[in-house]
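Same chain, two partners: subunit A is paired with subunit B first, then with subunit C.
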Partner chain A sequence: MDYNFHWRPVFRKLPELLEAGLLTLEVAVLSMVLGITIGLGLALLRMKGPTPLRQIATTWVEIARNTPALFQLFFFGFGLGAFGLHLSPYLIVLAGLTFNNAGYLAENFRGGFLAVPETQVRAARSLGMTAVQTYVRIIIPQVLKIVYHPMTNQMVWAVLMSSLGMLVGFRELSGETQFFASKTYRIFEYFAVTAVIYYVIVKIILLASNLVARRLFKY
Partner chain B sequence: MSNSASFFTDFQATDLLFLGEAAGRTLGISAVSITIGTILGCIFGWALQASRWFAQATIGTVLDVFRSVPLIIQLILFYNFFPIIGWKMGPFAAGAFVLSLYTAALVANVVRGGIDAVGIPMRRAARSLGMSYWQDLRYVVWPIGLRAVFPSWVGVALSVIKDSALVSVLGYLELLRASQILITRTQEPFIILACAGAFYFALSYPLSKYSKKLEEGWTS
Partner chain C sequence: MIEIKQLHKYFGALHVLQGIDLNVSKGEVLSIIGSSGSGKSTLLYCINGLEEIQQGQVVVDGTTVHDKKTDINKLRQRLGMVFQQWNSFPHLTALENVALAPKIVKKASKDQAKSIAEKQLKHVGLGDKLDVYPSALSGGQQQRLAIARALAMEPEYMLFDEATSALDPELVGEVLDTMRLLAEEGMTMICVTHEMGFARDVSDRVAYFHQGVMEEVGSPEQIFAAPQSVHTQKFLANVR
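For the complex of A and B:
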């Protein structure tokens, strides 16, 4: 092995890498917030929407789940370019991740809603609860418990998927790493450090999620 | 100017062939990785389930890293690491290597879940009937566990097919990279991306529907 590892240039750029890591986290969180909102809408549309809307929601979900995330990103990148719509790299990644998250989460939410028996709604109503109370006090807490774990997974996944941003010119953690790596040719060293940063980010998310779950699901 | 060469030429019939070949390579590298990854994943999953802490501390930790670092980073990392230790590996070999380990990490979890699904009373019963450990695994755990987790395995396999698109970063000419090249030449991103997307969809959609049907049939 006649390769000399040079870690110093990497460590010198560590502040920039960590900052890029924050950008990664920002995009992932934003895409999750949007994804949860849209995913909820898609799930409800698939269950009770009028036929045309239900078909649109189903198409969205199936495309999001059955094509590679990279394809979805390329679609928002080059595909929309065909219609003269050019998004910035940030928006490409955000739109791609949101599209994907919404599709996967919609299925989780639908499963969660279907798992709560219809009879509970009637029971709550006959106890004198209003429709809103029934949802807020009976349905949502149970659904949340079912979809909480898949949602955490999706969040982790969003962080991992955001690394595809480097292929559409977005300078989040991976893109930034590639930028520095190609400047110095210390490709292995840079990506090894980045891998560690990703690992730490993922572990922090899982830890935080566990702490929140402990508070939320005390019973 | 009819004889002049242009950088940009229209989408032609031969381009479909080019895309088709690339799709074949996508299938090839996926098939290799899923096969190797599943075999390794079964072994790892069994080890994780069977041992108290040793396998958990060693294999478990390593597989956890494979699940917690983006695949694209893993690919670049290994592709640049092999020359350092003196292995000559092309994009296919390096890509298949990383994808196999990634698959193994996902399959190991599925397998562990499958063995757990069989339950200890059932396995004790098998042993009390005079079956050896391996007979118990082969004739009791395997058929019952397989039933419980086959749909999840299909899910893993499908996600590996989709994730194989990332091998394009190593310069391996699979479907998405081929479409990118064609897009650069023809300047017709929409049609080409639609073709590539349709291929993945046509592969993934029926299989995911099929596994969902199996799952419903088995759980009810």
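For the complex of A and C:
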């Protein structure tokens, strides 16, 4: 083998890479918060919404699930750009990931709602609870348990998907790595280290998720 | 007093309640018997407004249940309900199951709600299960939990929808005992039931439902010893 590994330049850029890792985490978390909110709305619309809104929600879910995430990012980047709406790379990635998360989560949530028996609603309403109280106190906590682990999966997926950001000029972890790698030609070394950083980020997310689950779901 | 007047209920084309007239006075225990699909459970759901009706009316203490102006959530506080599938809230402990509605519906303080819940759980014999989740309770215990949960709202009436039908046979007794206890305490109860022993021994009156019609209603002696309607006679002959 005539390739000489040079790790030192990579390690010298470690602070920059870790900072970019934080940016990756930030955009992933934000896209999840927005995705959960919108996904919940989409799920409710698909189950109970009036027909036109239900169709819009269904179309959203189908496009998010049936097309590559990269194309969804491109839509918010080059697609909107073609119409004169230029988003910053950060917003392109945030919008793209949110769109994708919302679509996938909407289906998870819908499954979660269908899994809680209708009789739970009756029991709560028979005690005099309003429809809103019934949802907030009885139904959603049960749905949350059902969708929790799929939701964690989606969070992991959002972190990994954000690496597509480098293709729309976003300097998150992958973008930053690409930037340094192309300057130094230490492509393997940079991406190997970055892979480890991704691995650690996901590992931390999974550990945190399990800890929270143990606190939340005692039953 | 619960007054049911010429009540008609349809599920699509299915005429499940065909002009029911029935009054239940304070302190009375009424058992409703009849085969499955006779409309007896649906009647209970109509009384607390969980089902819409198409004709007639249900009046609870002067308030018309299906009147659009009626505050149904307030009215339901007067009508405790216990279901065949006990429907305990799986994500809450026994105590939380019972304390929740007093807290968020009646706006009781946290401490008040807790003491109400403790009292009612002791009442049904679950005083040692306060912090247990329903998944760790037997069916009979979960059903008693459901009774405590309904009682915590201090209802004037209790509606029992086949409260023992989904239980293992050896667990039926403890739930019936709890229901007996309530009857002795003077609770007004409407019990849809397949437990003929309970209907005979505990009720003041028994009503027999057949295909959406209340065939007859009378004292337990009258219904069990000398049923007038052919359908009642046939039904009782079969369940004995």
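Structure notes:
What we mean here is this: the second predicted complex is superposed on the first by the 219 of 219 C-alpha atoms of A that agree within 3 Å, B and C clash if a C-alpha of one lies under 4 Å from a C-alpha of the other, contacts with A are read in each partner's own complex, and residues count from 1 in each chain.
By our rule, contacts are C-beta pairs under 8 Å (C-beta built on N, C-alpha and C of every residue); 3 or more make two chains touch, one makes a residue touch a chain.
The structure presented is a predicted model; accordingly, all values stated were derived computationally and were not measured.
Contacts of A:F75 after superposition on the shared chain: subunit B is touched, whereas subunit C is not.
In the superposition on chain A, no contact is made by A:L18 with either subunit B or subunit C. By the touch criterion defined above, A:K145 lies against subunit C but remains apart from subunit B after alignment on the C-alpha atoms of chain A.
In the superposed pair of complexes, A:I204 makes contact with neither subunit B nor subunit C.
By the touch criterion stated above, A:L160 is placed in contact with subunit B alone, subunit C being left untouched.
By the document's definition of touching, neither partner reaches A:V212: not subunit B, not subunit C. Touching more residues of subunit A than its counterpart among subunit B and subunit C is B.
Residue contacts after overlaying the shared chain place A:M47 against neither subunit B nor subunit C.
Shared contact residues of subunit A, touching subunit B in one structure and subunit C in the other, are absent. Residues of subunit C touching subunit A in their complex: 48, 50, 73-74, 76-77, 79-81, 83, 85, 87, 89-91, 100-101, 104-106, 133-135, 146, 149-150, 153. Across the interface of their complex, subunit B is touched by residues 1, 3, 62-63, 65-71, 74-75, 78-79, 81-83, 156, 160-161, 163-164, 166-167, 174, 187-188, 191-192, 194-195, 198-199, 202-203 of subunit A.
Note for the complex: subunit A touches subunit C at residues 117, 119-120, 122-130, 133, 137-138, 141-142, 145, 217-219.
Listing the residues of subunit B that touch subunit A in their complex gives 65, 68-74, 76-77, 80-81, 83-86, 158, 162-163, 165-166, 168-169, 176, 179-180, 183, 188-190, 193-194, 196-197, 200-201, 204-205, 208.
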